[in-house]
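Attaching a single structure in structure tokens format; questions to follow.
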Amino acid sequence: MRIGVFVCHCGSNIEGTVDTGIVAKTALDFPEVVFATDTMYACSEPGQDGIIQAIKDKNLTGVVVASCTPRMHEPTFRRAVERAGLNRFMFEMANIREHVSWIGKDREANTNKSVDLVRIAVEKLRRDAPLIPSKFSVNKRVMIIGGGVAGIQAALDCADGGLEVVLVERDSSIGGKMAKLDKTFPTVDCSSCILGPKMVDVAQHPNITLHAYSEVDAISGYVGNFQVQVKKKATYVDWELCTGCGACMEKCPSKKNPDVFNEKIGPCTSINIPFPQAIPKKAYIDATTCRQFVKGKCGVCAKVCPTGAIRYDMTDEIVTEDVGAIVAATGYDLFDISKIAEYGGGRYPDVITGLQYERLLSASGPTGGHIKRPSDGKEPKNIVFIQCVGSRDKSLDRPYCSGFCCMYTAKQTILTKDHIPDSQSYVFYMDIRAPGKMYDEFTRRAMEEYGARYIRGRVAMVYPKGDKLMVRGADTLAGTQVEIEADLVVLAAGAEAAKGAPQLAEKLRISYDKYGFFMESHPKLKPVETNTAGVYLAGSCQGPKDIPQSVGQGSAAAAKVLALFSKDMLESDPQISRVDIKRCVGCGKCIMTCPFKAIKEVEFRGQKKAEVIETVCQGCGICTSTCPQGAIQLSHFTDNQILAEVNALCQS
Amino acid sequence: MPVLTGKELRIVGFLCNWCSYGGADTAGVGRFNQPTDLRIIRVPCSGRIDPLFIAKTLIGGADGVLVSGCHPRDCHYAEGNFYARRRLEVLKRFLPILGIDPGRFDYTWVSASEGQRWQKVVTVFTEQIHALGPAPRFDAVAPELLAKIAGAIGQGGNRVAA
Amino acid sequence: MSEAIAYYPGCSGLGTSKEYDTSTRAVCAALGLSLVDIPDWSCCGSTPAHTKDHTLSAALSARNLQLVANMGMTAAATPCPSCLTNLRTANHRIEAAPFKAKVDKLLDEPYGGDVNAISVLQALVENVGLDTIKAAVRTPLKGLKVACYYGCIMNRPPELMAFDDCENPMAMDNILAALGAEVVPFPLKVECCGASYGIPRPDVTAKLSGKLLEAAVGVGADMVAVACPLCQMNLDLRQSQVNRAMGTNYRIPVPYFTQLMGVAMNIADTEIGFGKLNVDPRPVLSRALSGAD
Amino acid sequence: MNIINLTRDYDEDFVHRVEEESGQKVSLCYQCGNCTAGCPYTFVYDIPVSQIMRLVQAGQKKTVLSSKSIWLCATCESCTTRCPNNIDVACIMDVLRHMARREGLAAVPQVKTFWDSFLDSVRAHGRVFELGLLINYVAKTGRFWTDMDLGPKILPKGKLAMKPHEIQGKEHVARIFERFERESNS
Amino acid sequence: MSRLEELKTRIREALPGLECVIGWQQGYDALHNTPLFMRSDADVDKLTWGVLNVHNPAVYLPTMAGKKVGVVVKGCDSRSVVELLQEKLIDRDNVVIFAAGCDGVVDLTKVKAKLAAAGVSAGNAEKVATDGKTVSVTAGGQTVAMPLAEVCADKCLRCQFPNAVLADVFVGDPAPQPTPNPTGNADLDALDAMSVDDRMAFWRYHMDRCIRCYACRNACPMCVCRDHCIAQSREPHWLSQEDSVTEKLMFQVVHAMHLAGRCTECGECQRACPMDIPVLALKKHLNRTIHDLFNYQAGVDVAAIPPLLQFKLEEDNIKERGW
């Protein structure tokens, strides 16, 4: 091998504390190094040209660049050596900036350390082999999991882009949390008026297949070629026949069930269409409350249904969908307010969540849009809003900010004043987080124009006194304890990962944080990608988000899918594990430990052997450190390469 | 020349690319000063780190080995650090029976955003290795010590330990 | 089924809360929970000790815990929440070896650290059980409306006390319900009564106890059941001070929950000791039990 | 109102000592005010507890240790129980009292006197002698009217012992106090 | 019928359906047994059972994978079979396990030391007799009686499984559960008692003596890499062929780490060592660690997942260091 070493000054970033000249000169003593130089900015156009020129002039077969972190410019330099005709994997970097020049000022020690880092890069490069990606075809269908506003947006954008879309929704209607909202901030426009048309578009779009009341059961395959098993839960209503007329709901004798769509502050029937704008507008039966199922007799709905759509014997059904990409848009759930016993949520009926309050405000809600408190139906006059209930609270293991509560609370104070002009809203807050466009102005308007009284401090306890709720809090700006006699207390319950999110993440083989939110590939530069190729994220499943952010992410994820599908064939990353079939004894330990199910057992001349599925392997190398005989080696990070680095450091 | 005599000790780090290597980068970007002894070998995942690499490094003459990966549950590859945690803990407990001070090896979790934590880890670990001093070497056991052990073993047959 | 547990009555049990002590002993005996006196126990130091120094406070508790260990027992029950807090805090703090060393330095005999301390309330709920209590009821307290007041430190902080819900404790409510009483939801179950400020700052105690009495009357309680000698003294003995300071005219009995258990279980009046309370519960009790209202 | 010069008046050692003696990290406090909101004694405090926490963060030793609040805290644990950052605020209040004692500060002297009288009683008898404690307190403070109104209510009940309950091991208890004094003076 | 006769009968019955049955026979003298591969009734006649059956016949099973074979096992040997089954290196349908209760086997090093102490040459032992408590060796016309407890293998002193944990054919009464004898752990106890520096000197001393013959590896029933052991390969190239203490020690570390969570402490590595190097101590130490960390013991449950091939999100016994 003929190796060239390029030591970058990075202006004075490196040269300031590393003698790059000495590093280059010393590198010439390393085995197979035939050329070494220092260079001002290796990543600049002249810098890259210099590398390309040297490859040609000196017949270099491998290149080491000592400069910044490979996490920054490895792709840049790989493209450069490729332009010079080398395989892009015949290249290594020594990180002498972030790991050397920027963390200490001792020039002698830094120079010395840089020499070592170049040495191990050279030793690794000497054992590099050209790697060539393989190509495979793509199934240009996409599955969106979750029919909230983020999923709806992703589905519509993909469908408009010409893709076949499969949308899977857990509930009987799409719409998600947004469908439950009355108005939206900071424009105070009607939530269902702006969401409704999008929902109808989903229903009518020729490219979209909607599986409502369905859940993802199992996922196999890899980018371009996933197989997803979708469980269509039994609705006990034949949706081909159901017209959504609602006759069954009128006659259903089981009327007192907690209405999940109304956040359990109103009743609903056992056979139900959750709300008038539901998509699909189809009825389903809740078998846990339906008399036909609980008592074994009733059958009223079957009698009244004009189309004869009721099917008490329906069972869950599994359908398999083949798709090339998946967008997870599973949203969030709310913190359980009863966990903060001092606020009395769950104990006192007039302590409710912000989302329950939305249902009280909504014209389609259980009170027809009149604010009536749950205990006695009276119109509340003094309403206390408490922020950060299950947010920014380490003691509850919820240290994060839920992001949107400040804004919706401001909105709710405004709506409260609109509904009940002689009402008074109080908001206990710690900080007001309103960094969006027109957001801060909106919160100011709540205070200045609508007279909401903001009190900076937390609430310690809420307790009933007569038919009032005593709210005892602090006004930290005044440095005092305060008490309010409230008629209704609205808690801004924090956002939590959706129930079942970790289980879905396991199926998708994507990471999730300790709270159950899905992990993006890079917090800044890859916000909707995951570390599993072909799986994308949109909306609050990644972390709490408001509507504009969720919609933006839905579109972003759709753009990623469209970009992925713009090619007919995909290239797989060749930095994957490979099995030396002679050495493999077929013990299957690699298969057991692979997190991606990327290794399968095959028969080779009557013997069991392991085989890597190229397109599934993500290149972690767990298999390589598991295999006792070293029969499976991760390309570009082989045992021999790491051993060479170890030996170089030990023997130097 | 690479290890500065009297100034530095030979400390080798194995860092996963996605979290800890990034954390070390973040520490650099933040100009968080660190001792210069550590040499970092980049691997894709802490799950890639065969504990034998660490044994090889320590037997080969390094004074300390530091492994760092993503925090549990944050692994880029979902599970690599969970396997690593078990294997590295087993190795750490194995070292003393070989005659290697277990303080010469540590493993930890540092995320890509935890530059300050990385600075602390490097500083504390380097101090710890300096406190232990240069590692004794198998190929340079003091003759007196060897004679003492050989004498003790010789008396009771080779298999009897002492 | 007879269970034995070491018994730490606390100093007030010999004086201002004698009736708590006698009723506790009688009720436990009747329920088969054998309370074994700790020979020569000493004061835990209560609040004054921990406000002076944590090592001193822990040493005063540790002496008693070691006495329990010397009895060959591993658990002690105390009726007094203040004693309980000190005993449990001592156990918690000596888990740190340097702190334990400092405590041992103060003691004649070092404390091994393996005696658990629980409240009599907890012992009744967990070691005896509601079913046994229910079965022992002879005179159900039917018609009696009781507000259960636990005091501030019976369940707080929850990590230390490790019993019941710290914001809405139910142990005493459940016992009184088992006795047949009507337990009214009392919102200020864990609010502080003014503690030991009755002597140095009677104004403070009057105000805080006043709030509690107001709330109890507000929810229609016939009486307030308590589990703490200091709470009892503040709400009962100092009721007149409250009335004077707040301009009120409360006259509501504040018995210990063990006294009410005694009534339901037909324990002798001498053991119940209603006569030792300031506001005698007996008139209210007989009115409620007779169904007249 | 005094202007605090945060560069010059920040007593780093004080912050450090509070953290060390309480085992709590005061920088965890983000000033939500929940402790003040729940504190039953806020109405008699000169400085609400959340501001005590703030002043500790700001290294304002003198203001904190000469406050009345630290002597009026009854350790009801409401603050500790509800702190969203799991800070043992009540323990910090305890530690501040310890420090104030060492500095010879007691902004509510009768509270300190009462507690001291209590401990004197324990030290003398091994257990608290309630009547003796009251008499001792009255003698020290001259507040002879203390609870005079309650005498007629309680004395006939036969609850208040006229003599202390001396325990056999009272010298053990006394030795705890003696050793404690020796240790804290060494 | 004695155990041995019953074993022979049952093996003869099964032999027609089997490629062979692996057991033991007398070797070049009365003291040394060797493995026996029974293919005919005449072979079966040679089978022995008793204190001299020191070998672990399970070591041969992976090489016969794919063929239907029988194997005669002691309790300890059976754990190796279980481990091989667990790792799917042999097929349950292809192995028939014959077993009987075991009273322990000798450690020939200890026997030879006893003979030497009695002034008897160990060469060409003429007769070995045992009654389960005493072993009497006749050599050079002299008979030396020695208590079995004093000459048995260390593993027998700490034996938990005198009877096979898995058997298709078990003959005779199960052997009684022995009481663990702490001297069976003397090797590890002694190492534990040493300083870290002394341990380094200890291994240095022994590695100086190691002749790198790989007998330890070849005797190990779990060393299934065989020709592909990373000690001798170029790809990957873990060890050089240099005869240095560090390379030799590194090999022992490789062997031990590759056995972590798999080693059943059959002791074959140490028994096979011509230099009497106490290499088993390393594996015992690892087993203790594995047990402490994961409450796991290899070779008792075919369905178990080895601890290093699985994990828990929150480990029970791994406390990470706070930085």
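Miscellaneous remarks
Order as written gives the chain letters A, B, C, D and E; numbering starts at 1 within each chain.
Basically, a contact is a pair of C-beta atoms (placed from the backbone, for glycine too) under 8 Å apart; a residue touches a chain by one contact, two chains touch by 3 or more.
Everything numeric here is computed off the predicted structure, so don't read it as measured data.
The minimum number of touch steps separating subunit B from subunit E is 1. Centroid distances built from C-alpha atoms place E farthest away from subunit D.
Between the Cα centres of subunit C and subunit E there is a gap of 65 Å.
For the pair subunit A and subunit B, the distance between C-alpha centroids works out to 35 Å.
Centre-to-centre spacing of subunit A and subunit E amounts to 52 Å, using the average Cα coordinate of each chain. Rounded to whole angstrom units, the spacing between the C-alpha centres of subunit B and subunit D is 49.
Along subunit C, residues 166-167 each make contact with two or more other chains.
Along subunit D, residues 43, 78 each make contact with two or more other chains.
Contact with two or more other chains is made by residues 238, 309 of subunit E. Contact between chains, per the stated criterion, is found for A-B, A-C, A-D, A-E, B-E, C-D.
Looking at the complex, you find that subunit D touches subunit C at residues 40-41, 43-44, 72, 74-78, 80-81, 88, 90, 94, 97-98, 101, 108, 110-111, 113-116, 118-119, 122, 126-128, 130-131, 134, 137, 146-147, 149-150, 153-154, 157-161, 165, 167-170, 172-173, 175-177, 179-180, 183-184. Of all residues in subunit A, those touching subunit C in their complex are 340-342, 347, 461, 463-466, 470. Every residue of subunit E that touches subunit A in the complex is listed here, in rising order: 66, 87-89, 224-226, 228-230, 233, 235-238, 258, 305, 309-310. The part of subunit A that touches subunit B in the complex is made up of residues 26, 69-72, 95, 97-100, 102-106, 108-110, 112-113, 115-117, 119-120, 509-514, 519, 523, 531, 575, 593, 595-596, 618-622, 624-626, 634, 637, 639, 642-643, 645-647, 649-652.
Listed in rising order, the residues of subunit A touching subunit D in the complex are 342, 388, 392-396, 430, 456-461, 472-476, 479-482.
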